[in-house]
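Chain lettering (A, B, C, D, E, F, G and H) follows the sequence in which the chains are written, and residue indices restart at 1 in each chain.
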Amino acid sequence: MTPDPRGWTPPEELADYATLDHDRLARRGLAEAVLCDGKTVEHLHGIAGELAARESRTLFTRVREDQVAVLLEQLPGAAYDPVARLVAWPGEPPEPTGGLVVVVAAGTSDLPVAREAALTARHLGRETRTIADVGVAGLHRILGRLEVLREARAIVVAAGMDGALPGVVAGLVTAPVIAVPTSVGYGAAFGGLAPLLTMLNACAPGVAVVNIDNGYGAGHMAAQIAAPV
Amino acid sequence: MTPDPRGWTPPEELADYATLDHDRLARRGLAEAVLCDGKTVEHLHGIAGELAARESRTLFTRVREDQVAVLLEQLPGAAYDPVARLVAWPGEPPEPTGGLVVVVAAGTSDLPVAREAALTARHLGRETRTIADVGVAGLHRILGRLEVLREARAIVVAAGMDGALPGVVAGLVTAPVIAVPTSVGYGAAFGGLAPLLTMLNACAPGVAVVNIDNGYGAGHMAAQIAAPV
Amino acid sequence: MTPDPRGWTPPEELADYATLDHDRLARRGLAEAVLCDGKTVEHLHGIAGELAARESRTLFTRVREDQVAVLLEQLPGAAYDPVARLVAWPGEPPEPTGGLVVVVAAGTSDLPVAREAALTARHLGRETRTIADVGVAGLHRILGRLEVLREARAIVVAAGMDGALPGVVAGLVTAPVIAVPTSVGYGAAFGGLAPLLTMLNACAPGVAVVNIDNGYGAGHMAAQIAAPV
Amino acid sequence: MTPDPRGWTPPEELADYATLDHDRLARRGLAEAVLCDGKTVEHLHGIAGELAARESRTLFTRVREDQVAVLLEQLPGAAYDPVARLVAWPGEPPEPTGGLVVVVAAGTSDLPVAREAALTARHLGRETRTIADVGVAGLHRILGRLEVLREARAIVVAAGMDGALPGVVAGLVTAPVIAVPTSVGYGAAFGGLAPLLTMLNACAPGVAVVNIDNGYGAGHMAAQIAAPV
Amino acid sequence: MTPDPRGWTPPEELADYATLDHDRLARRGLAEAVLCDGKTVEHLHGIAGELAARESRTLFTRVREDQVAVLLEQLPGAAYDPVARLVAWPGEPPEPTGGLVVVVAAGTSDLPVAREAALTARHLGRETRTIADVGVAGLHRILGRLEVLREARAIVVAAGMDGALPGVVAGLVTAPVIAVPTSVGYGAAFGGLAPLLTMLNACAPGVAVVNIDNGYGAGHMAAQIAAPV
Amino acid sequence: MTPDPRGWTPPEELADYATLDHDRLARRGLAEAVLCDGKTVEHLHGIAGELAARESRTLFTRVREDQVAVLLEQLPGAAYDPVARLVAWPGEPPEPTGGLVVVVAAGTSDLPVAREAALTARHLGRETRTIADVGVAGLHRILGRLEVLREARAIVVAAGMDGALPGVVAGLVTAPVIAVPTSVGYGAAFGGLAPLLTMLNACAPGVAVVNIDNGYGAGHMAAQIAAPV
Amino acid sequence: MTPDPRGWTPPEELADYATLDHDRLARRGLAEAVLCDGKTVEHLHGIAGELAARESRTLFTRVREDQVAVLLEQLPGAAYDPVARLVAWPGEPPEPTGGLVVVVAAGTSDLPVAREAALTARHLGRETRTIADVGVAGLHRILGRLEVLREARAIVVAAGMDGALPGVVAGLVTAPVIAVPTSVGYGAAFGGLAPLLTMLNACAPGVAVVNIDNGYGAGHMAAQIAAPV
Amino acid sequence: MTPDPRGWTPPEELADYATLDHDRLARRGLAEAVLCDGKTVEHLHGIAGELAARESRTLFTRVREDQVAVLLEQLPGAAYDPVARLVAWPGEPPEPTGGLVVVVAAGTSDLPVAREAALTARHLGRETRTIADVGVAGLHRILGRLEVLREARAIVVAAGMDGALPGVVAGLVTAPVIAVPTSVGYGAAFGGLAPLLTMLNACAPGVAVVNIDNGYGAGHMAAQIAAPV
């Protein structure tokens, strides 16, 4: 480090800030993912360049507005979804294999998280279907979708506020349910804590929970469950 | 206070430890209640004696085992319910007036709280019906009771664990729902915190919440709502 | 989903993001409500258009500044209240029926939440009265309003900071009290957690609680309680 | 309810306290389970009797010492495991189908929860293997078991204290990991809250979480994931 | 430390476990106090013996049942109050000086904490008066005691559950109010957290708060405030 | 309320949003205060105008930038302190009476809160002294100020981060200490929660606590304690 | 697993419940430790037997009363300290090397945790000194021990309640301070949470924190810091 | 204080807002540090001027953008690192003495905190090495750095999200590990609370924890541990 009057930070090598998981695909059989939110544009530029050189299928999650351009430039053919804040490279998902993943959004406001889950599962190789706005305040709405729910090998349910939907769905189907609490709500929802606790305490067995707003994790888990045997 | 070698506490007058709310019946039109749990047997003896002299209808809630005898002795004709831990004096409830109060227990383990609510509403003058073990893990159970739920002027729903039932019930009826979180559950139920948050965040309007395990408060509120107009 | 170089999100059909609760009025006898805060302007445009076609009385709550125009344009005759952040359609409330709903704001800063409660109850068909700035730090203020409080069939009390007012009011009247904690306060008020806990632990029976800042839920509950029998 | 001088509680019918989920097997294809902890011995007697008459495969979880005798008496051929606090009826599990479920206990103290998971999965029809005491403080221990971990279709990892093991395991395998936080630990483990948060924030995708100490839920979820396709 | 086959703990000197605050009386002008709850009987024996030799006025707080005898034996003339769990030595309090301290218990169950406060203030040299069971659910009860409240130089208010009383009292008087939250209550009282938050957020100025159930601290603070000028 | 196409809110009367506490000075002998933060400029305009007409000494706390002008315009001769965010009217404090109030800021960053406390006490009629940046990391700093601390009749200590200073000060003086936790700090300071808990658990008696950042409350309490007897 | 009518648990092999960390001494150069609290007597019997055969220096922490006998029997020459709840084998500690470890207990009640730290450091090969009852309420007590504190290469400070002592000590010395919050205290100490937060927010640098009541961890860390270079 | 129509705040003397710790270097043998975040530019100007006059080596931490210029102007030769938000004066660090400090960043997003730790240790006189992006999701990454880790006398590990890395590192080395939780993560990471709890509950001994994002504290502690003996 050579200090100079105004600042210490010299140009960095990739190895100074990232240790890419080169053998993850081999070890786990699944594409790599890069969580973008806490990274500088410079760091992403370096990481994307390295990945482009390796031609390894990758998802970039929680992409900030200022990071989109550098990713699309470094990774020609990548696709960006502004709702899910996801960049996939290559943009074209693989041919679907394994079972169906159904993604459910309890309310319209839960759609960004649900969409992140659906796109993740799709890019990891599963067929997906999405159902929106079927919260428990009007039970007939979810009861009207039983047919598609019962076709699923894995179900993702994203819900904020009371987070009651995953437990209700799990009581109606045989497939496992991955519940994603969302930070949708206010007051005593405490940024997703309320639906998180609801889901962990679901009365029906067959519910497991991922982090608040973690659509990527839910979609990844569902893709693993519905993988070809 | 005259200190003596072993202790200071002289015999107490009632005024030293209790200020009975003599005009509550006049002011609010509702029987008085005494929360027993934190009181000594001596204090309860004094309070019950005073009330017996005034012949004022009273409920004793959260009665400890060691307090039952002194209450039944001081208040002849009182009735004790060991499940609800309630003593009512007189034991015979008044003739029902106003609308029907339906009390729902999500699971068998929520019955003590539900029973406290039902007995409270009954002793405040309402007709009551109780439905048990109709949690959301098997929706057909609550859907099979819609008829009686829709006869109610006020509904109490006691639920632990995920606490999802009150929101589901509220979405199906026009009567207001008083939700009582119970401390039934384990782990991330955190002694009733999880169902409390679920209920406060219920997606369906028409749900208001009382304290954890507060069957008395729920039954009281329901009796007020269903009072004769 | 057809990915393209810059983004995946194609035009959406209403069914992709919302499942309107068509039979809610029939099932519950109450107007529908749409929570606007988490929705995009595009989604609201679609929802409002659909509702306009059905001519179904609706409240839009927690309306963001950028959403007002699209609602007023899609729903001619709608009324917007910037304090309560509420849009009602039609703007003219129905003729009042049932009992009186009194709404109390503990402090001047609690007025937006109180106003949301009052407008909600009014649009669900109740007569309402509002009392402001009568917190417990100067008891004579609330004691001076006993007359109107005792005319109410249901009372809503919105309070932040110590949240002590609902319990005090409940001790003075026979009507049930719906308590709304507000996020007014600072420090150990923890965004409304302090008044929420105070209200759940109110010493006087006859208090039930809704979510922090949930004026809509409080007004809805009060309207149900004061409904014509 | 006929009050009598000493108590109100008359003999109850089963319908007064339990609504058995008769069609769960049909609806979900999985055996029923009864959470015993909050139930009275009398209630369990009634429930077990009813189930015995229906001859429906059932697990009884969190069985208290005083409840064992009545279950074994009402359900001849049932088996009781005191470590997992589980009664299975019939005691003989079904022939295994589907994939392998591997259950991992991070420490010796996590074994009761791990065992509940393993027995649950076994009685729902899966083959199971258990690995014990392979926490992250000595990485060579878990690295030495990679072979069996990689044979699994679903993995359950029970861990208390720092709860770091599930994320480490998930980074090494392709099968989905169901993480169960346990209440093992002290101080800032806060009864399982610390490992719960760790697991929800696992850096490796492929982890989903169930309630603290909920071995039953983890085993059930794993059995669903590893079900025959 | 000489280890032996069964245990290491040799007889201890006082200096091994306690460093008495010899000059506290000089430095602060107030008697010393010993918190007994976490100490062994052996430690208390040593500490009391040392203090007896120094003839220094001392309060022993939170005395456990098994510690009473050793204190009364080591300190002849000491007085023990089982309700407040307090031992004072000498048992006779000093002549009162300074202003009046009024101690208020919101409910009968708050009396042990209130009594600890009153005895502490009395033994630190103040005249005290106690008022019991005047919670805000029946405002006329506290309003009926205004005269004595307005004579006080310092007021202690002990309250559990909603903890609303200190703020109401502070709005009625000029003396400063020391609020003591108590662990009386259940459910969302969370062991005194609810009244603690209420008191910290009291709308009326003139309220300061001590730890939950800390009657000693409240009485000490009140005695300081009401000290002769 | 006359709804109109664009908004419902008509001009308001003062009585619609504020109930001024006209007899507070008589009842409590202390000037009134108005918490400004949650109020609209319009509301403050009305309140200030009313107070100007009554010529009643008043403090305006937590004044927002956009509120200063209207206050200074409505209340000629008022003084504004931007550090403490306080407006006093009249700007000239009264002649000091009673004892000295010493205000201590643990760090430079705690000065705004300390200043609010000092100005409040000064405007309620006490003489004040302020000491800054004497935190416990360098004990010689506070030990060097013992002389002035021991002159005080009441001491206010504002501290963030570990909040350890009030307990240390209380161990050195006879005057009561009012502790104000500040939101200064980061991470596990949790917005002032850490120093709040520290202060409530202070080992030295003679510490009572007000809300986080509540300099006004601390100064008010100190002024009451140091009032002329 | 061969189920039988009354229970499933067959005799277990050590490998069923424990994977001993055979190469820890080689890998880390430090003795092994076994946390006993959550283990059955049977498990400890097996583990101790295995360790006895390997002749590997070991500490057993948080030993329950019912576990002492089996440890002392399996490990001849082991020493048991009932205050620290520690069994060391062999009972004789090694010759001291490296620097001095000073262990400070803020109050008498913190001694068990301090003792666990001191014995751990001693058995890991360090010389130790213990100082007791020198909390910040009387600063002269800790200031009187500066000489020994300044001889230390590492200092452990155990403190409950306000947890202020470690920060004060760190401001006076050059050695690093390991702070151990204890669960000593009541009310808002929340089982050690208050001192934990205080210590994490210590104003003086040079403080790092271990888990609540984790004397073993503190002593281990201190022994590592003071190891011979 | 001379109030004037628009504001009270007159020019301040340094003594009004800061009490510099003049003898810290003598007392503790370590450079002084100034936490800048909560200070005004005016205050920093005064403090830096005073320090420049004393020529005392100083670190300025958490420097805000608007504070950089005044520091660099007052302290010629100072160096500013924008990633670590640190200003060191003089900019040139001292010659390294003592042992090696290795700083590990679990992910790329943890680099600012890790860098603050490394620069702090370097300016306190230690040699440092930094390793980045070696989280537990891909264990081979940290296992590949064992050689450098085992050269360290003290190790700092900064990690957000699950915070599992410090415990894993501690299990592999003999040097003590200072763990720094970072606020990197989302949802149930709760601003760093999750990794904080993980680290406090680390299964491997040899981990102690500093405040969330407190790279300065971690680097300082590591420099003390690795100081020349």
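Side notes on the structure shown:
Everything below uses one rule, namely that a residue touches a chain if its C-beta (ideal position, glycine included) is under 8 Å from a C-beta of that chain, and two chains touch if they have at least 3 such contacts.
In UniProt terms the chains read A, B, C, D, E, F, G, H = 1-(5-phosphoribosyl)-5-amino-4-imidazole-carboxylate carboxylase.
Predicted model only: the values in this text are computed from it and were never measured.
The chain pair from C-E, B-E or G-H that repeats the A-H interface, sharing more than half of its contact pairs by residue number, is B-E. Separating the centre of chain E from that of chain G, both taken as means of CA atoms, is a distance of 33 Å.
Separating the centre of chain B from that of chain F, both taken as means of CA atoms, is a distance of 42 Å. Centre-to-centre separation between chain B and chain C, using Cα means, comes to 28 Å.
Multi-chain contact residues, meaning those touching two or more other chains, occur in chain B at positions 27, 107, 137-138, 171-172, 187-189, 193, 196, 200-201, 211-212.
Every pair of chains meeting the contact definition is listed here: A-B, A-C, A-D, A-H, B-C, B-D, B-E, C-E, C-F, D-G, D-H, E-F, E-G, F-G, F-H, G-H. Taken together, the chain G residues at the contact with chain D in this complex read 1, 3-9, 15-21, 23-24, 27, 35, 37-39, 43, 47, 62, 181, 183, 191-193, 196, 211-214. Within the complex, the chain A residues that touch chain C are 72, 77, 79-83, 88, 91-93, 105, 107-109, 111, 119, 122, 130, 132-134, 137-138, 140-141, 160, 184, 186-189. Against chain H, in their complex, chain G makes its touches with residues 27-30, 33, 99, 153, 171-176, 178, 196, 200-201, 205-212, 216-218, 220-221, 224-225, 227, 229.
Contacts from chain E toward chain C in the complex involve residues 106-107, 135-139, 143, 161-164, 167-168, 170-172, 185, 187-190, 193-195, 197-204.
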